[in-house]
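Shared between the two complexes below is subunit A, which has subunit B as its partner in the first and subunit C in the second.
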Partner chain A sequence: MTGMQFHAGDNYLSKLNTLTKLTITLFFSVLIVFVKNETALFILFGASVFYVAPLKRWKAMVIGYGIILFMYLSSILFSALLGLIADRFGAKENFQMLVPFLRVSFMINLSLALTLSSGVRRLTNVLKTLKLPRFIFLPTIVVFRFVPSFMNDIKQIHQNIKLRMGNPNLGMMITRPRLFIRLMIVPAVVRALRSAEELSVAAELKGIDGVDNMINSTPELWSWRDTVAFSLSLVLAATVLYFSMEAV
Partner chain B sequence: MIDLKNISYAYPFQNEKALNDVSLQVHKGEVVLLTGESGCGKSTIAKVTNGLIPHYFKGDLQGKALINQINSSDVEIGEISQSLGTLFQDPEQQFFCNDVYSELAFADEVRGVDPKLIYEKVARLSKLFEIENVLDSSIYELSEGEKQKVALASIIVLEPNCLVLDEPTANLSPEATENLGKEILRLKKDGFSILIVDHRLYWLSEIADRVLVMKNGEVVMEGAFSILESRNLRTKYGLREYCVPSHHKSNATFSSGLEVRNLSFGYGKKPRIFTNYSVSMQAGKVTAIRGANGVGKTTFSRLLTGLLKANTGVFLLDRQELSPNMLLSKTSLVLQNMDHQLYSRTVIEEVEGNMELLKRLRLNNFSQRHPQSLSGGQKQRLAIASAICRNPEVIILDEPTSGLDGENMRIIGDLLRVEAEKNKVIIVITHDLEFIDKCCDEQILMKAEK
Partner chain C sequence: MKTKKFYWETRELVIIGSFAALIKIISFLVSIAGGGMNPLALIAKNVVATSLLIILISSVRKFGVLTLYVAISGIIIMLTMGRGMMLLPGLLIAGILCELIIKFTGGYKSTRAIIMGVFFFDILFRVISLVLGFLFTRENPQLMIMAVVVVSIGYVGCLIGLGVGSAFAKELKHAGIIKV
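Take a look at the complex of A and B:
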């Protein structure tokens, strides 16, 4: 060997086996569909914040939660307005309306943890070993790769707005929504489309399509961290199910 | 061997042909330079050669593109890339992985190559391209020059015997360009067939065996590199200079303008990029900032505009100290990626109705188009126009001439000179020696911290 080393990262999330992270993500993605109890959802959300925290992507998390909170508050407002028009559209319990938004927040945390701590090479390796059909495998890989690329684009667009208009903030978003859409959303959409195309071309040039004997040049070993992560996941799932059953 | 036979091509929904009956061969152990003004069809030739046309970009293709006697239309792109490697103009376009090691190892992993061999290849190439220190880095943390080196290493790792290099030196420092030249000569000796698409000509005088000049989708001239010595030919086809003087422009005495005193900065816990760095840029002059790839030039431009906050240091404009927020309001920065910088509904709106400016940049015919619908070179000129029309006191441009032909480079140079004459501070971060020679008054050479 050459003595050259490759380090994926220094936090515990980066040291977890990619297969462990993928399994946890898939397992809870299915579980959350059946969880309707708010307490159980809050527990899941809290645990997911703890899970993603080592990445220290606070800004991305706060922006994500901010958008979800904005949508939640909007839904309460419109629900109340509809309630004024007709009783049958009457407002549900505000707390009850929180359920889908908590689910989305939970999934954002899991997706961020998986995509930002694993790297597309390792994810491709794991997905190849799962022998997924091509129509699932290829789009999944491109989506995983798209997340960091899109986050980088948003960062650059934000900097350019800052250069031209000063710091874009919530006030500008509310008072000048059309300008905000033009400055932020249009370049973001253009970049998203272009990135998707570029990533597809890059994937094709790497020969990702149609090869089944992929290997991993830096194989990941199973460690005590993976055992702990799996055990904690099972405890969490049991707790969540307990609260869900209680509610029934 | 690369052999294009009577290639004609029109992009989807376009009546006009981008290529018209183009034939070219690049033999084993030969380097061919393909040049011509912006939009003449050079990059389309590259896409036909590497199979992206017709596999990815549809449209009407006639003729044959043979790579080692195999028609690229008959095999998958992944298969073509094993015998022909492509370096894109924007290296980020070809990265699929998030970190440098993965980018170098990924294609071999996909093909099931022995891990020991992958490890050895990555180690050898990272040493050759001097990217060992960034192997663990995210691709987003790399400088543009480092990205170009990683991209080149990632195609060489597949051991192809044909290469297409599209503007390979657009973001490389003169020193890195010289190293790339040496590497190309080595590959040529090893029997590679190399097609280089480039506007910059000077670095290829000892490398290119033949030159093809294109115009309006056709090859109009072919010969030895010496044909480029004709001024008439260069003017007629909008080409750049065939040689560039190597003299360095010094920094004259400072009277007024932008001063930086005792600047210190580093990203997070990483080593400092600047420690007590002081420099001044004269108002009324065009100042070039040069330096090796990754030395911190783009970071410096972000500090000058207030996008990044310095750990310590003072910024003064005409002797008056400026906070980061004041810097933001008094400066304009044109970055390299144009997609992020154009927001308006029309081109004319982007320059606040200044038709005169559009005319000078030859964009007046596109005034009602959406900025994002323009070509790369047109977007580049529009972003510069947009920065100028906000009338800032300091204008900073990061590699404004990468990918520009001789004529457009002269247009941008003239525009910057006019702005400098209004007593503005014009700072150009560039590796383009020809641009520095023709358009800049002063030069700052930035060196890495020891």
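Take a look at the complex of A and C:
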């Protein structure tokens, strides 16, 4: 990915409609809360790995799982320590402790699939098709469009500090918090307020102030892949609910 | 030509969007620099986030600014991470309640009222997040204890942020960057 350009690759995930991926992610983010049966959770996790696999972002996946594994191990350790103090806090069966981590891993896979296969442009286009009210649409577009410019501002502030006092150490945030706020945060906020003024004028001049309806110039069409994805999601949800009901 | 009049001016909506992005970016950078679960980084992150929230409300002095900020942040989390849908209704209610607190304790021109509103918003936000966190980790209550400890440490940062934010907003008003 360079700048605002986004290359999701040639795989079934990038060919899916962004709205389909978003709906699937939101649907399962609600469903997962109510699932606590181990078979159902393993099925969901396996399906999510299969779903995200075409992106081949193994490094991001391994880092995500590594963090979750670290939390899982520290949770076992913490549980064992509490068990020494009081029995009622003590370690439960390890699988029960694994349940929350399966939920989180599942959500990580879905999030990776959504963000890495869609990119900023397609996500903002979804907002246009949803016909949201002006007071929601405009600030949301601002967030998506101007995160790169904020990052650029922060880089410039960083370079400015480098010129004045040598290479700034981010550990300064802990060791000298007042200086960190004065050198990094204050310029970033002032810059953000100034940018907001400039952007609002630019938005009005370009006619994107929400007065007129906007048309999506590159609409994503519904294809057979979206129908298949929705059908498979429903089958998966039904299977998971079946195993969950059976456990009750 | 007759111009349609809206409750929210374009400038105000752009400021809300900019701050939603700014708070996310700076909190993320502070978290990365501090190594995630480091207590000092947790405090620093919350100091910055709360200060910026006070500056946002001081810049856009209108009923609904906090609720709209929460809605935008929630939508961003939903679109990019696919979560937050369950958290959003609770947070919107928290936002509206805190807006009412600001309105009835002195209005948006009173710094004390803004601080009080943000103070209660930070509490409600954390309580709602913990309740939802409990739903995700209910099989493992030990994790909840850890979560409560982490959230409490973070809340210390919010309390510091209330002071830092109001002082910062005062300076920005003095410099003419925030229009009174």
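Keep in mind that, in the parts below, the second predicted complex is superposed on the first by the 154 of 248 C-alpha atoms of A that agree within 3 Å, B and C clash if a C-alpha of one lies under 4 Å from a C-alpha of the other, contacts with A are read in each partner's own complex, and residues count from 1 in each chain.
By definition in this document, a contact is a pair of C-beta atoms (placed from the backbone, for glycine too) under 8 Å apart; a residue touches a chain by one contact, two chains touch by 3 or more.
Remember, predicted model here, so these are calculated numbers, not experimental data.
Student: Would you sort A:Phe135 into first (subunit B), second (subunit C), both or neither based on which partner it touches?
Tutor: second
Student: State whether A:Ala53 touches subunit B only (first), subunit C only (second), both chains, or neither.
Tutor: After superposing on A, A:Ala53 lies clear of both subunit B and subunit C.
Student: Quick one: classify A:Ile63 as touching subunit B (first), subunit C (second), both or neither.
Tutor: The answer is neither, since A:Ile63 touches no partner chain.
Student: Applying the document's definition of touch, where does A:Leu163 land relative to subunit B and subunit C: first, second, both, or neither?
Tutor: The first partner, subunit B, only.
Student: I want to verify the contact counts: of subunit B and subunit C, which reaches more residues of subunit A?
Tutor: With both complexes superposed on chain A, more residues of subunit A are touched by C.
Student: Output check: A:Leu241 vs subunit B and subunit C. Expected answer is one of first, second, both, neither. What do you get?
Tutor: Touch status of A:Leu241: no partner.
Student: Quick check on the superposed pair: does A:Leu232 touch subunit B, subunit C, both, or neither? Answer first, second, both or neither.
Tutor: neither
Student: If we overlay the two complexes on their shared chain A, which of subunit B and subunit C does A:Lys36 touch? Say first, second, both or neither.
Tutor: second
Student: I'd like to know which partner A:Glu204 touches here: subunit B for first, subunit C for second, both or neither.
Tutor: Both partners, subunit B and subunit C.
Student: Determine, under the contact definition given at the top, whether A:Ala196 touches first (subunit B), second (subunit C), both, or neither.
Tutor: Only subunit C is touched by A:Ala196; subunit B is not.
Student: Would you tell me the residues on subunit A in contact with subunit B in one complex that are also in contact with subunit C in the other?
Tutor: Shared contact residues on subunit A (touching subunit B in one complex, subunit C in the other): 186, 190, 194, 199-200, 203-204, 209-211.
Student: Once bound in the complex, which stretches of subunit A touch subunit B?
Tutor: These residues of subunit A touch subunit B: 1-2, 4, 6-7, 119-122, 124-125, 145, 148, 152-153, 156-157, 159-160, 162-164, 166, 182-183, 186-187, 190-191, 194, 198-211, 213-219.
Student: Which stretch or stretches of subunit A touch subunit C in the complex?
Tutor: Per the touch definition, subunit A meets subunit C at residues 22, 25-26, 29-30, 33, 36, 75, 78-79, 82, 89, 92, 96-97, 99-100, 103-104, 107, 110-111, 114-115, 123, 126-127, 134-136, 138-144, 146-147, 150-151, 154, 170-171, 173-174, 177, 180-181, 185-186, 188-190, 192-197, 199-200, 203-204, 209-211.
Student: Any idea which subunit B residues touch subunit A in the complex?
Tutor: Of all residues in subunit B, those touching subunit A are 50, 52, 55-56, 76-79, 81-82, 86, 92-99, 101-102, 105-116, 118-120, 122-123, 126, 132, 135-136, 138, 140, 302, 305, 307, 328-329, 331-333, 335, 337, 339-345, 372, 390.
Student: Write out the stretch or stretches of subunit C touching subunit A in their complex.
Tutor: Within the complex, subunit C touches subunit A at residues 3-4, 6-11, 13-22, 24-26, 29-30, 33-34, 38, 40-41, 44, 47-48, 51-52, 55, 59, 68, 71-72, 75-76, 78-83, 85-86, 135-143, 145-146, 164, 168, 172, 177-178.
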